Amino acid sequence: MRVGFIGLGHMGSAMAERLLAAGHQVTVFNRSRAKAEPLEAIGAQIAQDVGSACAADVVFTMLSNDQVVENVVFARGGVIDSLPEGAIHVSASTISVALSSRLAAAHAGRDQRYVAAPVMGRPTAAAAGKLFVVAAGDQTALDEVAPLLAAVGRRTVEFGPDPSSANLVKLSVNFLVASVIETLGEALALVGKAGLDREHYLDFLTSTLFEAPVYKTFGPLIIQESPEPAGFAAVLAFKDIRLAIAAGEELAVPLPVASLLHDRFVELLAAGGANLDWSNIGRRGQHDGAPKTVPQNHSAAAA
Amino acid sequence: MRVGFIGLGHMGSAMAERLLAAGHQVTVFNRSRAKAEPLEAIGAQIAQDVGSACAADVVFTMLSNDQVVENVVFARGGVIDSLPEGAIHVSASTISVALSSRLAAAHAGRDQRYVAAPVMGRPTAAAAGKLFVVAAGDQTALDEVAPLLAAVGRRTVEFGPDPSSANLVKLSVNFLVASVIETLGEALALVGKAGLDREHYLDFLTSTLFEAPVYKTFGPLIIQESPEPAGFAAVLAFKDIRLAIAAGEELAVPLPVASLLHDRFVELLAAGGANLDWSNIGRRGQHDGAPKTVPQNHSAAAA
Amino acid sequence: MRVGFIGLGHMGSAMAERLLAAGHQVTVFNRSRAKAEPLEAIGAQIAQDVGSACAADVVFTMLSNDQVVENVVFARGGVIDSLPEGAIHVSASTISVALSSRLAAAHAGRDQRYVAAPVMGRPTAAAAGKLFVVAAGDQTALDEVAPLLAAVGRRTVEFGPDPSSANLVKLSVNFLVASVIETLGEALALVGKAGLDREHYLDFLTSTLFEAPVYKTFGPLIIQESPEPAGFAAVLAFKDIRLAIAAGEELAVPLPVASLLHDRFVELLAAGGANLDWSNIGRRGQHDGAPKTVPQNHSAAAA
Amino acid sequence: MRVGFIGLGHMGSAMAERLLAAGHQVTVFNRSRAKAEPLEAIGAQIAQDVGSACAADVVFTMLSNDQVVENVVFARGGVIDSLPEGAIHVSASTISVALSSRLAAAHAGRDQRYVAAPVMGRPTAAAAGKLFVVAAGDQTALDEVAPLLAAVGRRTVEFGPDPSSANLVKLSVNFLVASVIETLGEALALVGKAGLDREHYLDFLTSTLFEAPVYKTFGPLIIQESPEPAGFAAVLAFKDIRLAIAAGEELAVPLPVASLLHDRFVELLAAGGANLDWSNIGRRGQHDGAPKTVPQNHSAAAA
């Protein structure tokens, strides 16, 4: 398939590379051309503008926030102006539910098709094709892009015909991840300040009730000295928490833990942590002393 | 070994049965004798009072809260008065860090030994010997009781020489579980009110980042109509959240999500829910309508 | 002075009436003309459109939210297009800090002047000329509009040359008022459920440490049966709390009580209370039983 | 009247002095005798023990927390053992609702009488006889002690026959005061970080809707450099918030702002602030820079 790809940050570049590796004909566009060049070296065409990238069967956008997506899509010569009739826009960015609904309506007005397909995973997972993809939209469009989504992720989970459902799911997932960071941070502060060995405690959690990737990934990030470079910057995570709260406002669903997370991010940003990894909201500086007690013999397996 | 067992609620009875099945000589005591009789039928001796149950190498207590433990242990003719020198008291109850420290001191003053060994799991897990046991205390005592703990649980995880460490860990775990219930409840309310299929959403979560027993157990409890009978009553879970907050006060560790959970439990209790399962703090009555959208074809596996 | 007045809700109508009573020549505009007619009867001119209302020395806008203000000001033929050079736009609406800054820049670009002058008080206070006015902007502009502000309020308090400062102050005040409603609601629920006479309790508070208009106004609204019609609708108060939180985000100031109020308003809106008075966030249905105890002799004055 | 007075901290000493000044015969007791001596110099008798101080018509206790009151009242030779039949114990300490109920029952069992009469005000107010007294108990006992309470306070407000009602009211008041400190602190951080003059802002608040002693007292304490020495130590205020939350647990009333205050106090204590004035929970170190904008001409009074 002829695929356009707009937005070549860490995530976008890795995804475009996966599409090339799967044998698709990919034309890429990025505001600063330098990020496109490594892809050209492995077979991509570089488009001179957004419009040229849209001369395709399917165009992906992978951009950092609502405002950038709005500019790229709605500007003169943008995606709406340029995408052929019947072609599909796959929005992989984490954007608001409201903007996703506006995109759906705008594409429908031009007889274009629109699929929301935000992805879950850190840049290393993207490079390895191990993202999870959350997709929603018209079923025939979903079926057509399924091979492309299969190239970028290890699995696609679909959420019905309304594209904004996928965005809501993605925001709820980032809310749940941030909740794990915060609550695990509180628990680690508690046992750490009591002198327990926090790594042993984490091993215990992640080998019993909490044996899940989210605890295994973020537990060590919370307790290590410098959880950098950021896999996902606090300022972007903060944006997602705000979008989750906005979705809750729209649906009249109170999200008290999301509100608490909101304030934790504001504190982190106030302290200059915008570009730190979001796992930093789980860190409590004053409690990170050396443990007082190190058990000799942690675990006695049951016979 | 000669084992005494005091406290035969759902959990205690199942644990005593496991000890009998492992071939130990078990003497049981319960305030109301009726609960002891099924155990007599399978080989237990019934003690007439706490003191008689303490004529043993090891005595377990499995009681509902601090106050009951205090009564059983410190009363005239109680555990402290009755346990032989050198014998071991294994406290499996979920009690406060502060009481556990008092027990440790009191036993030391009588040349008795003390191990804190709270357990994780619902009554069905106890009956199947699938509890996780969190243990702390003097290493030789831990080693001596290891076969007993192996009989009641599938695995014992040790947390060093200070018995109260095990109680702190147990309280932190119940805090983390309650946090999962609350945050998953918020996320389910959000996607459910948007019309998404909540079971499909749960399947998605528990097969990706949140693939852990805690999400798999509590997700369905939150969305099903009547999560009863209670595996763990709200009023007991509320007690544990209060004890976690009290431990945080003692160690000067703020636990903002625990405070929020505290208030959710007070609301539930105010609404008459003391004996409902604790998963009810994750339920939001007004959002539990029928989903508006049921996807036809949920998931497209990656090729 | 020739004064234009755009926006004739409860507050706007009362303010325009005060300006007429003070002898100014007032041209009014409202989207639905019916609301303008009572003012015509007492001497106002009715403008056919926004532009005509702007043929003045000073034009007031008193509109319900950011979006309406944006439409009225930035639309073709709106305030920016129509206001003469050197004339002053007085924005009395409670709007975001960000929009106020945009208005300031836009007016400066057309050599117009701009004063932000949000008001404090309920419609009855507006009718009586007893509002407090919070004003900010260029000092000479403030001085020129001072007589007009003196006509609508009992006192004007100025906050320097940056117009958006006045909007920030207004939002902070509504945050503080909502905080009083919530905390007083919690205290009244506590003493009320214990059986104390809530009116006696309120008398006590408002004659000692809490002897302030805000407690005297909102205390009775919280405990009375039907605090309607709304002096200030919950949905508008919610908007202001969101704008206060947005200002906190911009300045990197966490506002945890504002976040909590946000969630209380979402709950109230979810329960269908959008048009109820905002004092309803302080009400707790289940606690409003009859007091168990009615003191005979409430107070013994000190000799 | 013959009056015993137990507990001579800042507040107790000032109250005892007021009783002496009103012409009563006062016998004082304090654990460390040194604090009693200044009162002896102005006419008090010094008792050698608690029991001797109880040889009186009325005995006051003014002690720092539940535990000290329990010791003084229930110990062998304590108030219960020593107070004559028919005599009255006036407990002016801020204690839990639960302990106050226990005191009521214990005194009733000895045919003694009991009045709870906690006081509101800082030590300087106590010295000036300007406290507010919150009293509850049997009406004839209240009437008998009314002249004594009139000597220590400027006004007594009664809350019916159940003594613990007075304790509940006192705790609710300290909750409301702490709420004002926190919310005013948030508002001051917001306007301060925007560059507004915080003193001008406070003047505005306390001359309009928030014209109450509580705002006038605590506003300046929040913004001044070193709000010390403590008029009321954070560790004691924290105790009262915990007791308010405990009362809410008992009555099944959620107090979400109290929970938030609880966590603010834990943070302050974790940072070493136990003995700082409680107004410190309203301070945000990082926001306390010099204002960017100082208005020249703050206020234009309405003509």
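Residue numbering begins at 1 within each chain, and the chains themselves are lettered A, B, C and D in the order written.
Please note the rule applied: a residue touches a chain if its C-beta (ideal position, glycine included) is under 8 Å from a C-beta of that chain, and two chains touch if they have at least 3 such contacts.
Predicted model only: the values in this text are computed from it and were never measured.
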item	value
Same-site or different-site touching of subunit C by its copy subunit D, using the half cut	same
Far-end chain from subunit A, centres as C-alpha averages	D
Inter-chain centre distance, subunit B versus subunit C - centres from mean C-alpha coordinates, in Å	52
Between subunit B and subunit A, distance of the C-alpha-averaged centres to the nearest whole Å	36
Subunit D residues counted as touching two or more neighbouring chains	248, 252-256, 260, 270
Of subunit B, residues touching subunit A in the complex	97, 120, 132, 134, 139, 142-143, 146-147, 149-150, 153-162, 165, 168-169, 172-173, 175-177, 179-180, 182-184, 186-187, 189-191, 193-197, 200-201, 204-205, 208-215, 244, 247-248, 251-258, 260, 284, 287, 293-303
Touching residues on subunit A, where the partner in the complex is subunit C	242, 245, 248-249, 252-256, 259-260, 262-263, 266-267, 269-270
